[in-house]
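Same chain, two partners: chain A is paired with chain B first, then with chain C.
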Partner chain A sequence: MIAPPRLSTILLAATTVLVAVLLYSPLFVPIVSSFFPVARGEVDWSSPTVETYVALAGNDEILSALRTTLVVGFCTVVLSVVGGTLLALYYHGRRAGRSALQFIIFLPFLMPPIISGLALLIFFREIGLERSLLTVVIGHTAFVLAIVYRTVLTRLQSMSRTLVEASYDLGATKWQTFWRIILPNLSSAMVGGAILAFALSFDETMITILVTGTQTTLPVRLWAMMRLGFSPDINALVALILMFTVLLCALAARFLVPRQIATQRA
Partner chain B sequence: MNQTSDLLTLRSVSKSYGTVPVLHGVDLSIRDGEFLTVLGPSGSGKTTVLRLIGGLEPLTAGEIRLDGQDISGMPINRRPFNTVFQDYALFPHLTVAGNVGYGLSVRHVPRKEIARRVAQALELVQLGRFAGRFPAQLSGGQRQRVALARALICQPRLVLLDEPLAALDLELRRQMQEFLKSIQREVKTTFLFVTHDQEEAIGMADRICVMQAGHIRQLGSPHELYYRPNCEFVARFFGENNLVAGSLGETRGEFRAIETALGRLVCSVAGQPHLKAAATGARGFATFRPEALRLAGDGDAENRLSGAVADVAFAGSSTVVTITAGGDAAQRLRLRFPSRVEGSALRAGETVALSFAPHEGHLVLA
Partner chain C sequence: MSSSGLARPAAIRWSPLVTVLAFALPVMFVLAPLAIFLVYSFFSVDQGQIVYAPTLANYVRFFTDPVFLPVFWRTIVLCLSVAAISILLAYPAAYFLTTLRGRWRYALLMLLMVPLLMSYVIKIYAIRSILGLNGFLNKALVGLGILSEPSTLFVFNMNAILLTLTLLLIPFAILPIFLALERIPQVLLRASDDLGASSLQTFLRITLPLSLPGVASAASFVFVLAIGDFLTPQMVGGISGFTFGRILYSQFGTAYNWPFGAALSVALAVVVIVAILLGERFGRNRGASL
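== the complex of A and B ==
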């Protein structure tokens, strides 16, 4: 047996902690500072307060941006879940052109958002489509489709082929097999994909800035606020968005853990 | 129903995957009500036979007839057969009752009727208490029984079982063998059981169909296969056996001699006209089971063999002695006799004289 290399263990641990602190501690700064007032550009650490949150709740621009974000998110989720699931089924069925299809699905997700956004902008202008919430939804859907597609496809591929064979064997038709066997086994992957899609749509900024009309979403609003200077509202807003995103990701993880493992643990 | 009427007939059925042939013109008749086991090593095509009958794969050539009607083109969901899959293929999102009732529910049988028949089917496999559980909450043996109940509830003409015991441990496998056999007797349905395990085959089957390399080598009762194998493959594959190569000699009544490197051996050819008719000098094998071989007494004039003891292995109820015969290390003979508390008198290296009775010897052609 090899003796535990003590010095290297300590060094490794120290490096890990350092990297974690450097990378992730900035995330907590706005959360902490959102509870302290700012006077003349200086944070006053002596008196914790929730004033910033109260101010945020009274800010109509922010509230309307939040509403827009939720509407866009909802529409994006519906479109991407239906589209992503259908595309995954198409790919899984070993039909023609599947690799080309997969490449196209992943393209907007992997390309720099500014390129996707510009491409969409040019396209909308060419076909004469006014910039509006519809264009935002289309932009978001193109961007997040890959996530739902991949999540559903992974589940499909891990599903035993014999489940479908057993269904036919027991006398079920193709439709019955789809509705009663395939879809229920995909449902948790679809919910997980939907939550991830919503989280991505919620945070999306670059494409939205390029293709939105007069209405604005929460991250775009935040972006606009930042340009006007540092305000305590921003801290509160960032803290809320951060917490919301973490919550969504935790939810998604719960749905994406295979059911079998979940029940075995229970 | 008449025990000997044919339920299902395969006529020169062939199957290829791409350009790779896996079945070469297989002919097989399955009798109504029998427990037929298809036995073969992996890659022999036995699972393919089952998948073709079940309709999971299309035939490349030939036809499958049910009650004389060609059903080769009938879609899987219309065939009156149900399958117990190797991995059980239970639907993870449905309860035990939901799984068992699925076949009735997709045929729009009324709910009350489904509930009644599900309860009945679960009673049959002794899982009445588990109706509300999910497959993930069941043990391997219980899942197996759910899969069986799910297949039986549709009252199929034929139940197809694809190595359903392979995933179970030895003790459970023995219990399930008895259980399957008793269920089969109770429901009087034809079972087609695919396995690579000859013990399973011997224990359950009315008839066994031995397959190798996409061909059926022999079809018969376990007793026939054991004592009257028709070729070298079956003689070697089915049960432990001794084979000694040679060329056929003269026939005398119900016996025929074969000249081998170990001397002249005489074996029974009773009721096997093709062995009597085979040309003198034709290559073949004398075969005799390890339990038929014994230490030679003074009175044994025929089938005397001598060799050196290579190994004595205690195997519980029996002891197996390996002997190298005729000075040729490749010619090994096995001798099996009931174990005794005082142990075997044979020691490795010892030279022994052996013999077997001519009526216990059997010939196969090379």
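== the complex of A and C ==
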């Protein structure tokens, strides 16, 4: 890009800094308060502490919500990766009914979560399914399925057809071709999709509020606690979760960015 | 396109069971709930019991009752404002990113996307504490002498919802604008320069028009996410910040009128679909292809 004159560069850079400050200020509040005592909006910088992290280890309510979130996330990932991959394989190269079904799969992702959640709430009531973790997992899976499906389908479409043809030429059966050629080529897309699915499930709040039973996930637990204000150990948890998610997404990026050398060799 | 090579493995003799599942599961867990929801909007409630007889009463009520339409329009205006402010902030930032080279460009882009990973609920809570009476914003404004004393102007009202949603959604505006700007062929800018245009002229007549599809996508993303959000208005809106999403939700709680709530959801869904279609229509990058 042709270098703009200096004043405009300075203004652009200043706006970018402003945006970064705006975006990061809500992140710093809990992280700073996890290490320093805060009273009436004043941070006491003089006495850093890790007490909040110690207190967190004893907060059973939060830890059990975290466990529930992980269980829900795990089930959601398994269901959405298996379902999304199968659907991608099934619809790939197929014309009849594909665009209509693709549209259906994308609906929960496009619709506001309050609508998806309420629709599921009424649906579960109509079919007489008691609200529980099962209904939460169904809700999350419907929500994230589109992401896994899309990721795997994109990889399928970019896969060279010569690989499959070569496999057939060499006498492999359809199943052998599937297990030894197609699946290994899809695996990184599946892992990437799984990580994205987990991250979305981990933070999903609105659908969960509507379809959950007595056990709640972490975001819903936090949502309920917010009315009263958080205890300091929540800040410690938030700081840990932030570190964890950044790590997770760095991993997802690693799996989703095509590795050219690998494909060339294959 | 008789057969892309992979149509074949996809045709690993799928048993009828797989075919049934591939169609049945999405229909059952996505289409059926939404369809039932739609049907519910034509029912009514009598003394806490849902009456399963078709009626248009819910829609008539939505259009005629003096309460709902004003909130509906106010919410749409609010979310359009959120989209406008987000774009005003995101455009210069996205433009600045494209002036950087290689690694810096993507590192900074990642940096601006990372806040999306942070728990949504926690961010709302943190922003509320920043906007509050003892919050950082008031401290800064008082410290700068702009306000003489802390103000409650920024929390538990419509302003609070506007500010919070903007802070939460800016990254969704940066990304499409950045992608549109990045796709503008450099040769066009050089040609404009060679032909004697000033930087401002080049920006106004080449860069800006070619980046408008990105702006349209950004507006559509931010608007849809803002209008579908219930958590933010509920948490920072207080009593005066009443949005459409909150009225909708209250039909399933205190007001206990599921059919009417379903009708309100249909209205919301229509707005969302229109916004997505407009974003699609104007978000296509047509001009930039050489």
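In this text, the second predicted complex is superposed on the first by the 248 of 266 C-alpha atoms of A that agree within 3 Å, B and C clash if a C-alpha of one lies under 4 Å from a C-alpha of the other, contacts with A are read in each partner's own complex, and residues count from 1 in each chain.
Please note the rule applied: a contact is a pair of C-beta atoms (placed from the backbone, for glycine too) under 8 Å apart; a residue touches a chain by one contact, two chains touch by 3 or more.
Given the structure is predicted, the values throughout are model-derived calculations rather than measurements.
Overlaying the two complexes via chain A leaves chain B and chain C side by side, clear of any clash. In the superposed model, A:166 lies in contact with chain B only, and not with chain C.
Contacts of A:8 after superposition on the shared chain: chain C is touched, whereas chain B is not.
After overlaying the two complexes on the shared chain, residue contacts for A:238 are found with chain C alone; chain B is out of touch. Contacts of A:101 after superposition on the shared chain: chain C is touched, whereas chain B is not.
In the superposed model, A:112 makes contact with chain C only, not with chain B. For chain A, the partner with contacts to more residues, out of chain B and chain C, is C.
Of the two partner chains, chain B is the only one that A:185 touches; chain C does not reach it.
Once the two complexes are laid over each other on the shared chain, residue contacts for A:176 go to chain B alone; chain C is not touched.
Remark: least CA distance from chain B to chain C after fitting both complexes onto chain A is 8 Å.
Shared contact residues on chain A (touching chain B in one structure, chain C in the other): 160, 162, 165, 168. The part of chain A that touches chain B in the complex is made up of residues 160, 162-163, 165-173, 176, 180-181, 184-185, 259-260, 263-264.
Those residues of chain A lying in contact with chain C across their complex are 1-5, 8-9, 11-13, 15-16, 18-20, 22-27, 29-30, 40-41, 83, 86-87, 89-94, 97, 101, 104-105, 107-108, 110-116, 118-123, 126, 138, 141-142, 145, 156-157, 159-162, 164-165, 168, 174-175, 177-178, 182, 199, 203, 205-206, 210, 219, 222-223, 226, 230, 238, 241-242, 245-246, 248-249. Every residue of chain B that touches chain A in the complex is listed here, in rising order: 54-56, 75-78, 81-83, 85-87, 89, 91-93, 102-103, 106-107, 134, 136-137, 150, 154.
Only residues 3-14, 18-19, 21-23, 25-27, 29-34, 36-37, 40, 89-90, 92-93, 95-99, 108, 111-112, 114-115, 117-127, 129-130, 132, 134-136, 139, 167, 170-171, 174, 186, 189-190, 193, 199, 202-203, 224, 227-231, 235, 245, 248-249, 252, 258, 261-262, 265, 268-269, 272, 276 of chain C touch chain A when the two sit together in their complex.
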